[in-house]
Structures are given as structure tokens and as C-alpha cells.
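Naming follows writing order (A, B and C), and every chain is counted from residue 1.
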Amino acid sequence: MSLGSINDKYMPKGMPKYRDIVKGWLPRYTGMDLNLFGDYILLTNFKDYVTSFAEQFSCDIYGENKPMQAATNTSGVTIINFGIGSPNAATIMDLLCACNPKGVLFLGKCGGLKKSAEIGHFILPIAAIRGEGTSDDYFPPEVPALPSFKLHKFVSQKIYERGYDYRTGVVYTTNRRVWEHDRGFLTKLNQLRCIAIDMETATIFVVGHHNQISRGALLLVSDVPTTPEGVKTEESDEQVTKKWADIHLQLGIEAMSDIGSKGEKIRHFRY
Amino acid sequence: MSLGSINDKYMPKGMPKYRDIVKGWLPRYTGMDLNLFGDYILLTNFKDYVTSFAEQFSCDIYGENKPMQAATNTSGVTIINFGIGSPNAATIMDLLCACNPKGVLFLGKCGGLKKSAEIGHFILPIAAIRGEGTSDDYFPPEVPALPSFKLHKFVSQKIYERGYDYRTGVVYTTNRRVWEHDRGFLTKLNQLRCIAIDMETATIFVVGHHNQISRGALLLVSDVPTTPEGVKTEESDEQVTKKWADIHLQLGIEAMSDIGSKGEKIRHFRY
Amino acid sequence: MSLGSINDKYMPKGMPKYRDIVKGWLPRYTGMDLNLFGDYILLTNFKDYVTSFAEQFSCDIYGENKPMQAATNTSGVTIINFGIGSPNAATIMDLLCACNPKGVLFLGKCGGLKKSAEIGHFILPIAAIRGEGTSDDYFPPEVPALPSFKLHKFVSQKIYERGYDYRTGVVYTTNRRVWEHDRGFLTKLNQLRCIAIDMETATIFVVGHHNQISRGALLLVSDVPTTPEGVKTEESDEQVTKKWADIHLQLGIEAMSDIGSKGEKIRHFRY
């Protein structure tokens, strides 16, 4: 199996270097120049989050006709809507090598798997199960998908100080969106004792680890698909958005704005 | 492993039925009402294709703030931009169960893997290797990822009659976008004798097979990432788009417009 | 694992070259001189087919006392009875390298697996599941067993023009002849959604792909072994033969006679 080792020296002569490729691709995917990227990145799947961010900070949105949209505020926080799914998550975590971010926080939505998990709760996953396959191209399956501890510690402190509650636990990341009727899959989720399911967290953690990028995820429970009344509908989704999405985004913005000055320094081992 | 069997009778009482879920979700993902979907569907990753389609037929684009955008012309052909990657491909092929399409053609771009494959060539893949994992939730790995023969036969005839050339062969579908510098991965692609690489085709074929939807893929070679001069750049991508994307879209539109009246009837076995 | 790469340069000194070996073996297996082989080949398991062919074209049958019998008509179509089973199928597809055929069509019989599949139907398999093991010596298991698209396109057109119907789908190729009472095996066939079962198709497809030979298969459903009345008997087999075998052979002859002049040119990528 390929371990995704990036090594320019094995490449055919004349082949562009890895870092040069991603430097070209990040602007191509987002429509935003490299020098406009801030040190701290918020990742989202929702165009709405980028729009709210841009309105709040009166900044431009780039990439309207590109696969990803991006905006940067004057504090050096950049928000990117990278789309849905683990391949897009891997792509943005690869492309971000072009701008050496100091921290990346994924603001995602997830499905709760516990009866006690209520819609609107926040989850700060301590790990994610790699049910998505995408991360297998980066590390063998026994490498756990983990956030950077100091980044999560800082985010958790922010949530706590703002008076909100959060849960920790393991999230299952899958490539499959419609699975509510697959009994075998539900049984497996239960056996693995996951508290939530999403489509990107494991990939962001593993590719971030591979590329030595500090990363985290703050997830909002937007549905509880294992109970009849919890399956997402047009109306339920709108209610979640109205009620919780603003707080979700604000927590992310505050955390990524302050972590540079107030957070503990994150050091990486070099391999 | 889950075989993705959908069976409403095992669900908790009160749980919405599978078909009811997707009937709610397809409009939620695309912003387009169910009754506006045509019998024949073009799938694309490019917003541009939807825009060109809508301009050509003077029809509305739905879902500007949704994960997917869609438009339908008066001949009953619908185009959907479902985004990038195998999870999105699986999602749209699941959601399309809501409107029972008679044929689905994916208009994608791919990376060529042969020296002889030149940028701008069309590929009509006879199969795809399931390197994406997503399709494993639907069928065990020995089930090949295949297009519907009669649909591809019709599309190939269209290309041939229009005086264009196409290549057939096996495409490798991966979840990884940036792999050009992974030597082991390149060696594997060569041993498997793939002619191109993309991120959706295997998933569309397998989930289409699972959901008994006639499907095909017409791919445009947009880069040849294994040669120094073939790696995609902003400029090279624009040149391909300018020169070939129009023809690509037109071939797709013509094929999906005429297959209902001129194609051989496609019958499905019931399992 | 062997990837079946044929490379004379790794051979001990003095070892005859691969092509020289098969040039000696093809005549030894069939009793027919190399220069008598036509450009287009029909493969069959049935001596009767060779006899009918020879009577129709008043040509000689070679190899009466050899493992395989062969005959060539004046249009350059050769028919070969290569015997039963995947090892024989691999052997003939290797030996045919000696005469560089432009197209090979397998006329085989198969067992139908669907209730709706009736005895006497034609199947043009879009792929075969490699349940036979033999093809693993040529390519790793993720490489699908496929016919050449343009060859099948031409054959399908012939069938259509002659007013017959055909079905497409995936065939399961096994090395086991008697499996009707293996419940687990039947369940697997059902989960894999195969429409028929045979003993050679996957091997012919994979070894043909390996040796860069254009290949196809036109299968005749000769029994439906999963239903009590469908298990093959002496009488049922004779009835099928009387009624359908002639048409089967004629469709094969016509397709292989005309494809050179009327078919689309098939190009191979070189690897």
C-alpha cells in the first residue's frame, strides 16, 4: 500500500515540485491569491457560513465560480467552503500546505447517534473512525485520526467560557450519505460506540497529521437520523441553521482569532 | 460488510421510508422541485456546465445556495452539478431514486495516464476500478463498476456520427486529488493498465447498478499529470475549458435528448 | 503476486522466446499450421460448432486427435474448439498471440440465474466476475474482466439487425461445474447480481486484456440451474442445440466476417 509519501527526488526530471503544484492549485480551487490566506483557517461545508463571515467582517468572497469559496478578515482568519465529502477534505488539507497555516478548525455538521444527543449540541471529537477510505492513501489503517490536542483544548475553553456545553467522543466518518435504512451499518455504528457520524472529520485529522498541520473539528449535531423524528428534513435543517449555526460560526471565529495570541504554542515533532 | 440493502421493514416503527427520505432530500440538495426533474440526467462537477446549459435553453438554475445546482430544459433533460468526489457521487445516485430517471450520463474530467492520451480526448470508460472505497458500502469488491451497455453504445454512436474520436478502457477512481508525487501509486496505476484517473466514475457505476439506474460516463482528458508538461495549471485548465468543454457538454446534451426516442430499450432484471 | 508480465529479458540464456514458444504450441495444440489462422477467431467449447462451420464453408477440420480442433473459411474467419474450463481458455488466449488476431469472439453456453432469463436467450456480458482464479496469474483482482467495447458494439448491432434480442449484464465465471446444491454459493451469486454463470468468460476477457487481443463473448443460456425444471438434461440440451445453436453460430460468423470491413477501428493503448 502506498503511504502517500511525498518525495520530489523520485520524480521524472522537469516534473514540478509538490509545493509548487499546491501553490498553483490553492488559488485555482478558491479563486483567492496565496498572499491573502491568513494563518488560521476555518473550514466549512456551507456557503452560508462564508457569506455570514464576509458580511460580519465586510470582506470579499472569492471563488464564486470555483469548487471552493474563501474569505479572509483583517485579523488573519480565513474561512473556506471546501464542499462535502472526504475527497474534498483531503484536497483542501493537501492544498493548505501551500500557505503553512498555524491552525485549521473544521466547523461541520454531524448526525447524532445517541438518544441523549440532542440536535443543536456541540461535539468536540477526540478521534474519528476512518470509515471513509480516503485517509488510507495517507497512513495505514492502524494510525488513529486525531485532532491536535492544544488546539482542541483552546477551542473547548472558548466554548466553556461562552457558557455553552460540548460533548467529547469518537465520531464515525463515512462516504455514504444515505444509510438510515441499512440495518447492518447501524449495528456496526452501535458496536463501535460512536457518538456521531459525519463525512469529513477523519480525513481532516489524518491528512492534517500527514502534512503536519494543527487541526481540530467543532461539530454541530444537526440531526439524529436513527430516530424517526430525528431524520433531517428541509424544515428541521432550517431550524437548526437559524438557532445554532450562528453560535457555531462565532465560536469558531473567536477561537481561531485568539489562539495565536492566547493559545499554548503547538510544537510538532519532525519525523 | 454492509451490502447496502435497503429494506424498510426492518426499520423502527414510524421511521420514514427510504423513498420518502430521498424524495425530501433531492429537492433539499438541489433546490429544485421533484416534478421538475426530467427523465434523462446529465451529471457534472462544473457549475459552468450548468450555466451554459441554462443559457442555451433559457431555463432557470435552481440551488444557488444549495450543495448542488440543477436545471431542466423543455426536452426533459436535467443537468445537475453534484460537486466533486465519490461521496457526492454516491449521494446524487441515491437521491435520484426519488425521480426514477431513465438514464444518467456523467460528464466528467479525468487525468490521462498514457503518453498517447492527449488533453482534449474523450474517454468512454468500459469500467472503473473501485479505488474509492465509497462503493464498498453498496457491493462487495468483486462486483465490477460498469456503465450500462446500451447507454454507452448510444453515446458512442453520437460521438462517432459527430466526427469525434473516443477511447475506451478502464479508469481508476480515487479519493485523492493530489498524488502526482507518490511513486508507489503511479506504479500501481501502470500495473493495472488504467488509461485515466478520476474521482467519481466507479461510484456512479456501482451505486447506479445498486439502484438499478442506467448510467454512463463521458470523460474529457483535462490533464496528463504523469508528464511534467501535463500537470494541470490555471492556464492549461482554461485552455481545455475553452476548446473542449463546449463540445463535451453538447455531446452529452444530444445523447440524453435523443436516447429516449432513438436508443434501444434498456431493460433491467429485477433481483 | 505475478502480474503476468512477459519479459524475455529476465529469462535464462538460451531459453526460447515467448513468441517462439507459442508459435510452436498453437499448431501443436490444434494441428493447424500458423499461416492458416485467420484474423478473426471464433472460440467454442463444442465440436459440433466446428463441424457445422466446416460443412457450411466446405473447409477442412484440423486437430481431430489434438486437444483443440480448428477450421478456417475463405473469409479469414477461424473457429477453434478449445475445450472446457478456464485453464483451457487461458491457454488458447495465450497461444493466439502467435497469430495476432484482430478479434476473438467466444461463443459459449451459460446457465441463467434469473427467473426471467429463459433458455435460448442470448447474453452479451458487459463484464465477468473472476471467480475462477486462473486470471489471477495475469492481473490483480481489482482489474475487471471486460470485453472490448467496439467489438461488443458491433456484435450487438448484428444481433439487433437480425431481429434477435440480447441481454447485457455480469456473468460469474467459476471452475466448479456442480454447485446447484450449494446454498451459500447461490446466495452469493444473488448478492452479486449476476445474470448468468459460466466457466470461461472472465478468463478470456482478462487474458485477452493482458495479451492485448480484442475479445468478446456471446453466450447462449442453455439451462437455468436454479429452478427445478431448468437443470440441464440430455433431452433439454438437445432441444437447445436444435433450436438455438445454429443461430448462435451464425450470429458469430456474421459478426466476425464483417467487423473487419464495417466495424469501427479498435486501437489499443500500448503499456
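Everything that follows uses one rule, which is that a contact is a pair of C-beta atoms (placed from the backbone, for glycine too) under 8 Å apart; a residue touches a chain by one contact, two chains touch by 3 or more.
Predicted model only: the values in this text are computed from it and were never measured.
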Chain-level touch network, classified as line, ring, star, complete or other: line
Interface composition of copies chain A and chain B: same or different, split at half: same
Superposing rotation of chain A relative to chain C, computed on C-alpha atoms, to nearest 5°: 105
Chain centre separation in whole Å, for chain C relative to chain B (CA means): 31
Length of the line joining the C-alpha centres of chain A and chain C, rounded to whole Å: 51
Intercentroid distance (Cα basis), chain B paired with chain A, Å: 26
Contacts with 2+ other chains: residues of chain A: none
Chain C-touching residues of chain B, taken from the complex the two chains share: 3, 114, 116-117, 124, 126-127, 129-131, 139-150, 152-153, 156, 160, 167-170, 190-193, 195, 209, 264, 267, 269-271
Touching residues on chain A, where the partner in the complex is chain B: 1-8, 10-16, 18, 21-22, 24-25, 27-28, 45, 47-48, 65, 67, 83-88, 90-91, 94-95, 132-134, 136-137, 174-185, 188, 199, 227-229, 231-234, 237
